[in-house]
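Each of the next two complexes has chain A plus one other chain: chain B in the first, chain C in the second.
Up next is the complex of A and B:
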């Protein structure tokens, strides 16, 4: 009896509920052009806030404090811009910035030209191109940590595949062993080499996609005019590829700037501090010394550097396009 | 009369047979813990492998399930601190290195243990905390007079040398702690046996940046004079004192071993150097007492070198000084654990007299008087017997200034030292850089705030502090 009464009550309440839903839909649904786009964007905005804006605001807050995670009972207070000042006055930061920029410039430069060269080469290959392309892409598919471990053991002092055969050759030539990971300059370039090995396929992929989109007409016109392949490349291919180049180089620059696994696994920032990039320095401050505030300041400075670098690059590309036009 | 005697004898016999059962009988509080699960975070180290063999026995006895997460040694501090500071109680027990106790304890991450030691419902009556070596307990587990951890094994650092290789070269190695084993002797012997063509390097150092805080320090101490001992890093006012001739000489001595190592060795750490020694390609290697069984004297793992080694203390320096420090891992109970009683039951069982002694058969080190004196230890790890006296009278557990800033101090030392190894700077510049950067670390930590009265005491200047009976700590 009681159940049937409750059921009857629900039946009575249902039209009222339906009315509420209808009113809500009319306020937020397609009928309201001011609100509806926000409703559609809401999931994206929530994700963006949760994973982008909130962490950023939180990092700003932490960088304004004196939080050391391994000293939870130490008094915390607002320190203004002290953490930024502390980072900027730290010679380690400037050294790490220099290493990072130099690493990024070398790696991205080589990756771009090798990737573009391979993409151009593959336009001419007709037999087995698919299989070859798959092989070329393998390094990029590997997780960075796995790639770093593979190379760490390839360069393992004395017993690694590379060190063994390189040592064998250099000894036969009357030289000593090559200190792949022990000499500051050689270690730095070893890391650049591994990064190039891993990420050239990405450039190759982007350039291949870019080349596939190029129109045929300018090439046909150039061929009729008798332009050399070199001239066609510089005056047609490269300018037309600029959008693809821009995207690929900006993505790789941001990525190379943040390289971490490769360096930590292969050299841990050494020898000395020769391969200590900003990310390695940041991790040391944040996760070895647990100085969360200084680490937050470093990460915000890094973010600013990446934004400024990207803007400069995009602007430079646009200016070139405009002057070419 | 005869009947009484036979009854007495029978009772005595029953008591004798059942004594171990009485000692290990579970209390009601321990029985109530059956079904609990505890989690233990530990580094990948031979001594943990040794005690790991006993976990199934513990689980069967107490009905408490133990989950062990093991991670590489060089990532352990980072991982443990990340877990601790999240305050989730993800791990009930942490392995604590002697060097990190100050950091963990001042942060409030560890539970004081004396309340559990003295709790008869949770701790076996035969546990006997005073059976631990006083300096092993005070150095490993005590911070600010409070007991936070119980040691697993505690022993000095040293060097392991190939006795057979030395003999072939006509060099007789002295016994452990013999004053004739000096820094000069070690270098000259390494030079004599160094033969890269035959695949034998004079010594395998660990010059990697991360390892200087472990492997260079014996030489920093060796080059002190009796007057400078205690002031290696700081003076009584916490002013950094590392920029001096002794530091420069010790760095130059450490770096001189570069002559015996491959060109590509600047990043070598414990893995690379130990692998070289184990493969029979190096004459000498830094060691830590707890590693000897697992790294050098395990017949199954390293048949090429077993029985051919001399395990000595690190060499004495020009003024006869030796490194008085010892290393140890211990069990710490997380303050955020929701299974503290079960976790303590595990700790007290693993550090009990019986398990400590039995674990020595598999490579674990002793930290109790009874274990040091046991026949099991003498039979399976005779090299420990030599260090008992040292651990009682000579060792100074605070010689590496146990302060929360140690991780940064050690990192600075490693980076500057490693730069000398690769020829980027000289030892004098490194010592000056160390002093400047360490001073900045101390300044940031507030050590130089005028009038500050809560700075940690410098116990290493008064050894009587370490010799208190373990039960006297809070």
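Up next is the complex of A and C:
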């Protein structure tokens, strides 16, 4: 603070400018530490307001009306909370919510343990670790869209690489080809698999960074006490990693919750509605049935779920770290 | 853990043990992670008949048939141009605007600073699909649907929170003294910023720009719903040509190559800046 005042004082000492515009500019300029940061931030704040706050307010407005995009001249009127009610009474919504939550929980759980396992495995190799790490990271570097296209091909009935080689085994056992994308239950798990394939590298990266920052003393103490490796993992590594785990799991949960490309490209929410997540349901209502108002209500409900979810996460992590201390 | 070593080593110590089974597991994961992409790339060089056989083909005579089809018959060059214009412009705009905001947050101790930086971050948490409907309606009224301008403005706004978040940390690393001494020598604030702070920030700005560029290049959802023929970028175009009843796999392979090749070439060129920029502060905050 004292620094920035000295900073400001220096600027004021400049020769006085003439003209009203000049004076106004100098009042907003670097000479005024109360106003200048706002001047610097103004463009960013305006853009974020236009695309952050405004769509939100607009969504509130649209959800209070009965707007159908395909009928722009139909009469519009205020319908109160009707749109929210129609969403909550729609069994499709509850089904989509269930699919989304189940997908997110399974994918993030698997990604976390696999990523952590992989990060710990890398502690045990030396030669070629750098190049192997690059290969591990490939799925994450690929655009999500490309990952979806690749796996759509791999799992395609009659011709996909995985379908073909897996078919060898299943035919030998007396089954037919595995219906990776055409059976509702199997298709759901196929999508979870692809999400895990794509994002385990992210968890691996975050866990590697987290492990590198752990202090060494607890391990030395545990070694003196003769603790088993298993015990050390559960009582030292995992609790100390908690901050890194929190960040990684929260980021991944938010992103898994809004997975879109993967599902649209691989199954389009089908077969039936077996893989229709909230995102897919929302775009179906909004841009296929053109029911903008109902879609806006869905998006507001989704936003609320995400906010509540992140609050719960932060609270839970805080409580556990307090009870541990 | 295995029994073949006496000492339990802290996970942050340099790796010393060599376990053959660790290599086996890691190699297996590498193959699983790389093989699908490799096979799809191979498919891109097959002719239609070869790529559509039910058995996987590992040996074939390469051809550029699928590339010719996509680039000349389907005019994918048009989409490639759109993508390049949109992602380069949006990157430039968001990094330039975000840089000043990050500087303000890092350097000045004004009232409401923490609230502003938190609010900026919450903008990133929103699922794109959730704001799609209001943005669609807004674009419709402003006649921005299917224009490059619309996409550029939108991508700039989408990437700004990330840019501000990354750069704030980096600006904090640069001592304020450097600017102050430049200003004692008679430079104005802007001259000091341009001549002293900016050169120091170059690696971090580059790293941030690379990320923003990749994210804009890959963006699919908004590009799909807000553009049609005129301003369509690569991702939705590629999906249109590689999903469908009568499309052969070599076209999908070629499409995957065409969208990832610029990305890979770009990352290889800027790799060094990326690593040096990232090693400062990205994970710290």
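In the analysis below, the second predicted complex is superposed on the first by the 290 of 325 C-alpha atoms of A that agree within 3 Å, B and C clash if a C-alpha of one lies under 4 Å from a C-alpha of the other, contacts with A are read in each partner's own complex, and residues count from 1 in each chain.
Heads up, the rule we're going with is that contacts are C-beta pairs under 8 Å (C-beta built on N, C-alpha and C of every residue); 3 or more make two chains touch, one makes a residue touch a chain.
No experiment lies behind these values; they were computed from the predicted model shown.
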**Q.** Contacts of A:308 with chain B and chain C, given as first, second, both or neither
**A.** neither
Q) Touching A:287, do we find chain B (first), chain C (second), both, or neither? A) both
Q) Between chain B (first) and chain C (second), which, if any, makes contact with A:81: first, second, both or neither? A) neither
Q. Any idea whether chain B or chain C touches more of chain A?
A. C
Q. If you stack the two complexes on chain A, which partner ends up touching A:221: first (chain B), second (chain C), both, or neither?
A. neither
Q) Can A:169 be said to touch chain B (first), chain C (second), both, or neither? A) neither
Q) After lining up the shared chain so the two structures overlap, which partner does A:296 touch, if you call chain B first and chain C second: first, second, both or neither? A) second
(Q) After the superposition on A, what does A:24 contact: first (chain B), second (chain C), both or neither? (A) neither
Q: Could you pull out which residues of chain A sit against chain B in one structure and against chain C in the other?
A: 69, 158, 287
Q | chain B contact footprint on chain A (complex, rising order) | A | 69-73, 156-158, 163, 176-184, 267-274, 284, 287-290
**Q.** chain A partner contacts - residues on chain B that touch it in the complex
**A.** 77-78, 81-82, 85, 103, 106-108, 208-210, 262-268, 272, 276, 404, 407-408, 411, 415, 418-419, 421-422, 424
Q.
So in the complex, the part of chain C that touches chain A is made up of which residues?
A. 1, 7-13, 15-19, 22-23, 25-27, 29-30, 32-34, 36-37, 39-40, 43, 52-56, 97-98, 100-101, 103-105, 107-111, 113, 116, 119-120, 122-123, 125-138, 153-154, 156-158, 160-161, 164, 176, 180, 183-184, 188-190, 217-218, 220-221, 225, 235, 238-239, 242-243, 249, 252, 255-256, 259-260, 263, 267, 283
Q. Can you list the residues on chain A that touch chain C in the complex?
A. 1, 3-4, 6-7, 10-11, 14, 29-30, 33-34, 36-38, 40-41, 43-45, 47-48, 50-52, 54-56, 58-59, 62, 67, 69, 118, 120-127, 129, 132, 135-136, 138-139, 141-146, 149-154, 158-159, 161, 164-165, 197, 201, 206, 209, 211-216, 218-220, 222-223, 227, 229-230, 232, 237, 254, 257-258, 260-261, 265, 279, 282-283, 286-287, 292, 295-296, 299-300, 302-303, 306-307, 310
